[in-house]
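Common to both upcoming complexes is subunit A, partnered first by subunit B, then by subunit C.
Entry: the complex of A and B
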């Protein structure tokens, strides 16, 4: 009898503590910055085992790899928040990088591109028809990207076709078209001004002694480059659009419940078309950064496991695969975590196959976490 | 001493010691390759990693899975990790140029194995003379064709690689250079795009053979496509050995074990041979020498002259071809 009473009293004492732990766990899990804390924890746990992880060179590398992926993932965030998915982003990257390169390249080898259908019309030995005119190339890229997004969005919004199917078909056709344009050849000789958009450095830091006559290039670490400026500016603009405008609230409403949004007077079709256009435009900006740093327009750019990275980073950040829930800040943390994950897996000297398996497992874990967070959010009201 | 001897199992340890000798300290080498799709790349990868490891060096491997952007990021990661040198098998000539510049700008010596950058002026570049090797192989089958078909234009077909890869361009040029002296005796060749991809090659070759059932000579820009060619020709009764009616003269390039077996079986008549072991050894020696000398931006082009192994000279030169060496070791039975 006494023992039972003590046990009951003990349980009674434990209940408030368990409740507090649960509430604390819920606060962390539901926090906007959950993935940031996760990334920091992951970084700190691995740092003693992978000392290179914290070196300035590696941190600069991490940032440099994050910018283009972030730009593409921002567009995916809008589509997913509106309850869709855009599988055509990689193909848009391939096509737009090829179109820009064809227009603005300053020279082209006939032995490589002579058999391409665009040879003699868009590009010839002396370069593209707008050789050296960077802004013309960028505007053309944006126009082509927007067109693909417009077609995707129109098919999804007006014909009520599933986004998965529409963008899968777009991925196949756009990619094949890009490959056909150059017969799968890459276009080099991009103008220096274009290349600098991906590689140009604005602020670099050096941590060595100050008495050296010449600092080795290897010890200069880029902190802010042109790619960083473009990515940060786009992130801020899209954060404002999603968080602070009526359009942003409409995107969330459409993703949460399309029928309810229609009844509430949200212009659902227009919102859907616009998010797909936005997604394609983000992919196009990503194409600028990727092709500039590779110094070539490539029809196959964005193929392979690239989409895994984009969707993975977006979902890990917390944007729901089911729509109605997404934030730009979440995607920033998701990209940070994903790039950190790739970087550390590389440093562990795992094979490419293992790296992709781990990445897949992490995306699955993120999707499960998304389900858990949704349940938790509902239970906590 | 060569890697060939080591792989033959006769003097592996001695070679490893010899390779280690010029380097006073063990080096950390980043080996970034685009993928391991063909026998050539598998054998090259094995030769480089095993030899460097056995010589006491640390090899950090990075597989880009045919993604040029991923390869650039992997090389940057390697540089951040502080590697002493990089051996690169790039996705294509364009990305190779960018990656070589990235490594050299960061004062890390880099050697490009077999697939050369578009710009040969930077980096250690080990490359086969693809045009010459292809010309030799095609000349052999062209001469046979001229002898066997005196009364009508000869129809040839070439499976072209990804023309963003200078190796593919050189091989196509070699093919045309071999046919050019014979003028009208050869009809306009049929070009089949493969993009170095077996599935693409299969689809395009099916279409080409259906449209042109009378083909007298086939040149594949890489030996790894012979099984694909067989799968297209065999159901049509066009996969016939030498000496029998309907034999299509066939040549390739690489010198892999499958090609060696097919020459022995009579289905293939010639293949251009890249000296894989010479190339691997040259890349490793050059990068280790640069590290030892403290050279951060070594620039050098090392050319592999190669040769053509044909149904005529296989008796004498069989063991000069890396694929025949692997075949003798039972590679195809593994």
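Entry: the complex of A and C
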């Protein structure tokens, strides 16, 4: 009998409180800005231990790392929301950066590129055949990128092949093709106008005494550069496309229930093809920013764990791997968190292996979080 | 007789809408309690609270007199409560015996300690099956069993766990009449053993026949309760919908016109349908009756362009149709499929998002989607189809009851003003109130000049609503009846191709 009364008292006391805590947890977890709060919390917790974390130089560095990753992740967000995945984005970055450099480089050393199959046709000692013509290079990149996306999308949509397989094969072949083009060499001597797209600064800040007529360049910290403008403009445009257009809602519908979408008159195949083209185009814009910063076209630019960063940032933001659920804003916060994570891990003097191990664990945590959010979304009002 | 389970002022809110409120009810031990109510009356929510799937917002439950607040399905199972659902929770790739012992296989002792004792498992499984009169070898895999046999396996599992309260939720939906009879005998047997049963069903005659007491839920409240003997079907319906059911079927607003909306001539697809010709006129509701597998749903898919026809022609308003579903939707066709979860809804998307999908391109302006207009359209649809829901812009369709989900599937087509609406089993798994509302929507669309092709295996609803009924059998249209000639016997004879009269009546709703 005592046990019963105790249990009664227990439930009476505990029930409302656990309810309140659960509801509060749900509000935070289900917020669009959850990952932003997470990033800020992470930043504040680590600030006392990593004194360089909050310096203007590091913050400028953080931002400049974020822009290209963001641009690529935007495309991945669209593909995932439509229920797919694009593993070929890294390879597209390698190929398009190489193609642009081969066309517009202003000079090329024969001892480096002499053995490349494109030597003498696309590029020679005096540079590429469109040496210095930045816009030609960019248009060519976009065309090559769009072509890869079109092939991916067509195979997925028309032949109903799994996106994972299609883009895995694309990743292998496109990447190998890029490496073959230059025999794995980088192409340098990019025109200044191109380099400025990645490094050009528009607003910079300087913290220090005003006693010198000229401020040394390395003490100037970029706040807004050309890369930032490109990335922000693309983010806003794609946010609008996903949230405020019929096409965007159809992307969500295809990811949520392809059969229902088809019956409802959604042009399912067209949506899938366009989503993969969009993803490859985003990767291409990412390639511009990365190769401009590097001041070289590099066939292996998007290799290694780059894909981990893109998919990790997108999933951590909250876009579902199963499709039907994705927001551009989520990806912005996901990229912010991922860049912050890489940055802090670097500061802790961890080896590259340790860094990847931690990143892997974080992606796992993000996947678990996705499951938890889904459960919460279903059980609370 | 004491109560094995008692609800005290129990309440649960979903998205600010109470699904169950102030519910106080005893489940008497050793009896069968029939629980009825429309979709959305709160039955599922109540079951989820008993099963530890959701937590009550208010009030409490008492299990054998003690406070009972299960945090998980496992806790409910441990307490001695078992659920037999519409969708069974079995592993179809495992054997009957493995399914029975999945949460605790008998182990060997001695040298092979820890390994599964297959012999003991088979013997014990055979014993359990025998108690239910199920004559299948325990080593058969589940996917070789008929739906009714699978259900008995599920019941055997409840017996194995020594469940003292067994809850049946629409258990007869996928059973043949013979299997249903056997199930009822098993339920009688469970009661004779002293077990308690809660029986939930839309088939009111069954509930009355099986139950000792009946409880009726409406809008989350207990509105009627008493011994089954005092309940007749009219009282059950009156309590469920809160009014007398003067007419489930609406008076048809307007007589059909003469202009054909849909003209099908000689449509064929090998092995599916053969030489189908039919016409649906303006404002007409054409019923399509047929048994399971007669090709009705396949015909609908062909008409919609989801599958390719080998020959024949489909014209909509005089223009031949060739393209896929997108072209057909744009030229004025709409299709409500028989399985709303798989082909009708985005379950995790909001109600508004679902309602806006077919007409999404029409909400598009130069500055993108007009979200104000989408919201206003959704709100207007809430009224038109009488949707019982919370915030349309936040509540996912998954959180709606079956009947309300179906209203979303139909409602989403209304903004595109379809010229031809194909309804495939639109009232399957839908309660009587929502049913009559769905019929009213069909009538209203017809009155506005749309043609409606209504596929159903329920003859009663076709006869109550349609202007004409075509009967399909083995991929062909074998007969057509105009309203004055509607007669159950003749429709059935046509469906069975007369002469060869079968042993059983047509299985209603056994496809899903």
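As a convention for this text, the second predicted complex is superposed on the first by the 364 of 381 C-alpha atoms of A that agree within 3 Å, B and C clash if a C-alpha of one lies under 4 Å from a C-alpha of the other, contacts with A are read in each partner's own complex, and residues count from 1 in each chain.
Methods note: a residue touches a chain if its C-beta (ideal position, glycine included) is under 8 Å from a C-beta of that chain, and two chains touch if they have at least 3 such contacts.
Quick caveat: nothing in here was measured; it's all calculated off a predicted structure.
Chemist: Both complexes share subunit A, so when I overlay them there, do subunit B and subunit C fit or clash?
Modeler: These partners fit in the superposed model.
Chemist: By the touch definition at the top of the document, which applies to A:325: first (subunit B), second (subunit C), both, or neither?
Modeler: Touch partner of A:325: subunit C, not subunit B.
Chemist: Would you check which partner chain A:306 touches, where first means subunit B only, second means subunit C only, and both and neither mean what they say?
Modeler: first
Chemist: For A:253 in the superposed arrangement: first (subunit B), second (subunit C), both or neither?
Modeler: Only subunit C; A:253 stays clear of subunit B.
Chemist: Applying the touch criterion given at the start, work out whether A:210 contacts subunit B, subunit C, both or neither, answering first, second, both or neither.
Modeler: neither
Chemist: Between subunit B and subunit C, whom does A:240 touch in the aligned arrangement: first, second, both, or neither?
Modeler: In the superposed model, A:240 contacts subunit C only, not subunit B.
Chemist: Between subunit B (first) and subunit C (second), which, if any, makes contact with A:264: first, second, both or neither?
Modeler: second
Chemist: With the superposition applied, I'd like the minimum CA-CA separation between subunit B and subunit C in Å.
Modeler: 38
Chemist: Do subunit B and subunit C land on any of the same subunit A residues, and which?
Modeler: No residue of subunit A touches both subunit B and subunit C.
Chemist: Which part of subunit A faces subunit B closely enough to touch in the complex?
Modeler: Contact set of subunit A toward subunit B: 52, 55, 57-58, 60-61, 64-65, 111-112, 115, 183-186, 188, 216-218, 290, 293-296, 298, 301, 303-306, 342-343, 346-347, 349, 351-353, 356.
Chemist: Contact residues on subunit A for subunit C in the complex?
Modeler: 4, 7-8, 11, 15, 19, 240, 244-246, 249-250, 252-253, 256-257, 259-267, 324-325, 374, 377-379, 381
Chemist: Give every residue of subunit C touching subunit A within the complex, in rising order.
Modeler: Interface residues on the subunit C side: 13-16, 54-55, 57, 60, 65-67, 69, 304, 306, 325-326, 328-330, 335, 337, 342-349, 353, 356-358, 360-361, 363-364, 367-369, 371, 390, 395-396, 398-399, 412, 416.
Chemist: Once bound in the complex, which stretches of subunit B touch subunit A?
Modeler: These residues of subunit B touch subunit A: 60-70, 72-74, 76-77, 79-82, 92, 94-95, 97-98, 105-108, 118, 162-164, 169, 173, 193, 195.
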